[in-house]
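Please see the structure below; I have some questions.
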Amino acid sequence: MTFFIQVFIEGIALGAVYSLVALGFVIIFKATDVLSFAQPALAALGAGFICYFATEAGINFWLSLLIGIFLTGAVGLLIERTVLRQMVGEPVFSVAVITIGVDILIRTFLDDWIGDEPRFLGDSFTSYGNFGSFSIGEFNFKYLEMAGLFVAFIVILLLNLFFKKSRYGLAMLATSFDQETALAQGINVGRVFGLAWFIGGLLAAIAGFVFTGGFNTLTQLSFVLALRALPAVVIGGLDSIPGAIIGSLIIGVTQSLAGYYQYSIEEYFDINLGLGFSTVAPYIIMFFILLVKPEGLFGTKEVERV
Amino acid sequence: EEEATEEVVEEVVETLDSPAVTTAKSVNTDFGVTEEPCPEVIGEFPTNADQAKGCIYLGILSDYTGPYGAAGLPVEVGIRSYWAWKNLTGCLGDYCVAVREAADTGYNPQKHLEEYNAMRNDVAALALSLGTPLTLFILDELDKDNMLAAPLSWYSGWSFDAVDKGLIIEYGSTYCADGMNGLDWSLDNLPVDIKTIGIVAQQDDYGLDYAAGVKTAAAARGVEVAWEYLYAPGQFDVTQAVGLLVTKPVDAYFPAIDPGSMAQLAGGAAQNGVVPITMMATPSFSGQFVVEGSPVKDLFESGAFYISSVFAPYGGETPGHENMRNILAGAGVESTSVYIVAGWASQQHISSALEASIKGTDLTRAGIRRAAANVPVSSDGMFPSKTLGANVQTPVSVMTTPNGALPGGTAILNSGYTGPTGEGYDWSGGPCS
Amino acid sequence: MLSVKNLEVVYQDVILVLKGISINLPRNKVVALLGANGAGKTTVLRAISGLLDIQNGKITKGEIIYDEKNITNSNPSEIVKMGVSQVLEGRRIFSEITVLENLKLGAHTNTQNFEKNVERVFDLFPLLKSREGNIAGYLSGGEQQMLAIGRSLMSEPDYLLLDEPSLGLAPKLVDQIAELVLEINNLGVSVLLVEQNANMALNISDHAYIMENGTIVMDKNSLELKEDEDVQEFYLGLNSNSTERKSFRDVKHYKRKKRWLS
Amino acid sequence: MKDRLDFYNSYKEEHRIFNNRVQRFWAVFGVLISIYTLIILDDVWLFLLTLAMMTTIGAWGLNIVSGFAGQISLAHGAFIGIGTYTAFVLGGNIGSSVLSYGLDMAIWLPLSGIVPMLFGILISPVTSKLKGLNLGLFSIGIVYFVLHIFQNFRTVTGGSGLGRKSPDFVFLGFNFENGITIGNLVLNENNLIALFSLVILILSGFGVKNIARTKTGRAFFSIRDRDIAAEAIGVDLLRYKGIAYAISSFYAGICGALLFTFTGGVEPNQFNFVYSVTFIAIVIIGGAGTVLGPLFGSFFFILMPSVIQEIIHFFGLFEQSSLLNLAQIERLVFGIFIIVFLIFEPRGLWGIWFRLRNYFKAWPFSY
Amino acid sequence: MVELSSLLKFEDVSLSFGGITALKNVSFDVKEKSITSIIGPNGAGKTSVFNCISGIYSPDSGNIFFEDANITNMRPNKIAELGIARTFQNIELFENLSVLENILTGVHRRLDYGILSGLFYSSKAKKGELYARKEAEDIIDFLEIEEYRYSYVMSLPYGIQKRVELGRALALAPKLILLDEPAAGMNNEETEDIARFIIDINEELKISVLLVDHDMNMVTDIAHEITVLNFGEKIADGTPNEVIENSSVIEAYVGSSKK
């Protein structure tokens, strides 16, 4: 049982990291109705910025973290201004494919900079406690993961506040439903898009840090980790912030349970679940949830009326 | 048949000893060799080619944008630096060597073939064809063209003509031999009693080969393999791997993974208070782990970590290494990546084959292929002396341990180790995995 | 005063739909804009409120003046902020969210008097109040129309551009809308009313324009217009030389032609 | 803007695919030029053209299910994979370490379409319950799931990281490797494969066009544009979504079988998420929902990187760049092209072509 | 008037969504070859009646019969195949198709060649397509939309779109056609056209019509029988004259100000 709880904790922490990535996807989707394929690249870019300032430029880590996060937000904004702004009113699939182009641009420069060796981000999380972990009773916790959990919590709180208090929350939603009507309400669609990409960039960088910080290194393949948050977004519902969080926790726990128990399950049932089953398991959960609730757990249901 | 080969060897050795007297005209050539001199600069790299001599062109099929993109640049630097040096020191007979623009194939077979097709009529040999599966996929084409190629892999299959048609150059040991030697060496040299082990490996030519070697040694030495975590490339799940180390403790484990995953794995296990003996395959380790400021420096230097290397890394103590380091330092190259060594070393082998064919006055690709079937390699001590093309393995690994104070980040513990398992193994049976 | 001067609009760089149109909407007046389908009425409204861009349309000539300020090609959010609000043709409510949230969006540029404005909308449309928390997409057609009008009032506009507000409404409601327009007008809002229900439009408007094919063909006081023979026949469906409505059963098969076009 | 050439004496005439003399001329001319090109070329461009033709077939498949029927599929790569492995198992050389039957192409080629087709039909009851983007996301799951099976099913796929080699092009006992000599004309393996692909391409193209102009296609379009209205005119949604998946997967399978047989082998990770997304990109960049769009898209995707490379080399651009190497610059330019083209014409290359065509049709009366 | 047999029987149908009752025990008949109209205030449930008939909603209780078949809970496409066509209140055309293609889709149910036949454009398919084209052209002629034949419906004026939708419904060659507010958004002149079309459809093509519209003048002029709904309940039915005099109808729907 202790073991199970430990695994569960790991899953939650993993889920917290995913939720940061997932929120980035969701914010952009909420405003633009587009699933941005550039989001993973932005996450890696954020990590790259932080890494550059903290290690190569030799700036204090915490300052680098802040600069990196805001710079990534700015890149998000820049992408929106230069590329996506041109696509207001165009079919969402063309826009989605454009984000593939953006992904290529970002990663070309980033990969060139990252180079062949894995890079550490210059944080000191691993120097706390026992290689960056501490235990309470029988349970082991990691500082970085706990920080991730905490940051995710704060970010969610802030976002929630933002969407509740500011009129932009609703405006974002409206924009994604119908740009023309949103314009007619006096909503500055361009500003909403810009805002979404800016926040998307911030979130990406934070997420990028959490999954490349500590021992986790930034490599040319780091962006792939961000793709693992995709089922979380789907499970939770593409346009739902609470959904992104719950979805992330579900897949975090699923992945962690599948990872720890794969061999026991295989032995017990005498089956072969295959290589890397733990990273596929979230998709299996996703299948079932979509079949029961096609719009995801918390997604906005499409209204079909004639 | 054996005798025949020996004869050829002698013949070649003889020709090698005689002074180079052949003129350009007397050498037969077909593809990728010109009487015009090599360009002075290719991309950003000077070739140092003698403008009075002809040119042999080599091709590179590499990966800059795919999963092995990390290796692309250092290996290219190694290759080009070698030839720049070679050209500077007199070229090969009447020919200098130029490596054409490297083609990026992104570890995609389709691109690989595409890029190969684009260059097949313009090169005399491939200085690099990155990736085991990719190279295997284009092998029939290479065979048609008599195209010699160096891979960036130490797959045990390359040692067998049945697999590589004698076209793929082997240099260093193989992952399989490294696996065997890794376990043997740990058992015999470390003060820890190793009874159970774990394996963490990428499921591909590299990981499986290493795992196969470890398992062979384990069976031979009566060590229990408690678990084996295989994952598809790109799908490494650190939670699961650490979970195994924590929940099913072993005395030692053998990772054949990528360095990014390695840092997470070692770090993650340490966070749970688990630091077993770790015997890594070469590509798992990166010198970045032990540079000043790395969060895993202390961990990797703690004495629990070892590398069973296919050849001596950047800091190797042979004259060949020394020479290489000097030349690279002179060219302002800062990286001490093991892939630079790989690039350099592979070209020593190609160079030997080319030299032999020039001496044999047949610089056609068929001629190069014939020469490569049996030629001693001069590696300036970087490798145990060997003859190219013979169907034998050299199961000699270099045992190292991380040490940030040395170039490349490793200290050599044994520069030519072959354990009892490797010694007794029947290397003629075919690939390990 | 909101005026459109000599406006030309082209869609997709090739389709010329407005061929030099001038319209004046004085303060505190109701002006009706009538015309057959495809005449370009909606395009006029889009040009005023800045929504041409998203439709791939461009103003190629002419200008739009808002109290002496040239607002040609301003962006829609500025125009709304200035006090021009358009009710889009075909309701265009946000289906996936609730009635109240739709109203909130209407108040995007004007959040101060939100409570008061919601109150006002609910007073005008009590039916909406009972549906406050419902998902707007499930409302019936008429209910959606009410919501669309209500939503546009949330920004407290000075100029309201109504595009076919009576579309799909029950007769009783059409009357109510007519009253409502007057009521809104009494509050000091000028209304530009695009309508197919000419009867209603001419009854409540001070002035009316009739558009055909991208040009204004009539520009008269509403009362005068109601007496025009052609208008009576084609827009009001009255038999020529009598004020009797002619039955729809008696309409002939042959193609009729409007006199002013021939 | 009326088309001045469109005068027909009967609907029958108008209903032809190439319904006027000019079009017929260009069609015949185009085919002849293609054949000529594929015969005289024998270099990397021949290889690329062949790849592009094969890719087009796959893109058409995706276009049928996503562009025509509006069922977003991010799992096209999985179907391509299933077709590929069907071909490899049936046609693979006996004696290799993976499951192989060494059959003739005349057997494995059709079957490599039929097997994914059955798979497509099999999942269609599930997928047809979902709509729009949700369906697309569901299909991401399919990619990962099928990929997982590919990675682990070593007897069929050779396993992740290793892969397996392709069968040979042996059609009805004739091995393409032997080439053909007609008079002085020597056609080697590459020419033969290219010509064979052209035949399959043309057949597939007619298939797509015929779908588009008959009842099946209209049923697809109606589902795409408004499914409720489609049902109300008597279109059986379940059935037609199933048919869309079936035809699409058939094309996918044929594409995979040809493509990877041509390139010599395949490693399971080839069929990853990114691969499926590439096909989406091809279809969108070319022009979704059109017949010619996917053709344009495929040729763009396959040929453009090499064209960029040629241009860079020809003008000696960036040679001395120290920031990025050439491979990276090529990628960069490619990314920029995608962005610029789509900003310029969101309907894709087809849209650009359409504009050009209309321009020339109206010429010299255009303004 | 001769007593005609019923083509459609709507029997005691109730329908609700969550808390909202859209229909409460509503019954009415559509006689063969008649024009029957449903009127009622906004939100009364008229469109819901249509949706029940065409299978888009399934009633909570009650039955719907068409000719001899019980079509309650049948799939919409099956119902369409039986010969019920409809238009929608908010035009639901296939926006990326031309007018001609939109109308051709309507012929779908009458084309019986198979998929493979279509794939190879066999002679059977060719014959079918030519037939479809002829049918579509007849409808285009009938509705006088020749000049829009190749236009994409998206950019057409509203009134023409409505006509195209009518054309698509006619292309089914239905026995019963359901028209949901065909005259909405039309000026008087255009309403006259629509009225003419409806009468022609009924009289020349011998198709029964079930009509919902808020244009009382038109409805009373052309309908044979009218059913009035209010809050999901039937409050009156009868001939136009009977209904229009009914005080509860005036109160709930027409309004007192009507002259």
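We call the chains A, B, C, D and E, going by the order they appear; numbering starts again at 1 in every chain.
Following the convention adopted for this analysis, a residue touches a chain if its C-beta (ideal position, glycine included) is under 8 Å from a C-beta of that chain, and two chains touch if they have at least 3 such contacts.
A quick note: this is a predicted structure, and the numbers were derived from the prediction, not measured.
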item	value
Chains contacting each of chain A and chain D, listed by label	B, E
Centroid-based (C-alpha) most distant chain relative to chain C	B
Interchain centroid distance [CA atoms averaged], chain C/chain E, Å	28
CA centroid of chain B to CA centroid of chain C, Å	76
Chain A and chain B: spacing of chain centres that average the CA atoms, whole Å	37
Distance from chain E to chain A - Cα centre to Cα centre, in angstrom	49
Set of chain A residues in contact with two or more other chains	108, 111, 275-276, 302, 306
Multi-partner residues of chain B (at least 2 other chains)	64-65, 73, 203, 232, 234
Contacts with 2+ other chains: residues of chain C	138
Contacting chain pairs - touch in the sense defined above	A-B, A-C, A-D, A-E, B-D, C-E, D-E
Complex interface listing, chain E residues touching chain A	47, 51, 56, 88-90, 92
Residues of chain B defined as touching chain A within the complex	64-65, 67, 69-74, 203, 227, 230-232, 234-240, 243-244, 247, 258-260, 263-264, 266-268, 270-273, 286-288, 293-296, 299, 335, 337, 339
Footprint of chain C on chain A - complex, ascending	88-89, 167, 170-171, 173-174, 177-188, 191, 300-303, 305
Of chain A, residues touching chain B in the complex	3, 7, 10, 14, 55, 108, 111, 115-120, 122-127, 130-133, 140, 142, 214-217, 219-222, 224, 255-256, 258-260, 262-263, 275-276, 278-279
Chain D residues within the chain E interface of the complex	11-12, 15, 206-207, 210-211, 213-219, 221-222, 224-226, 228-237, 243, 247, 289
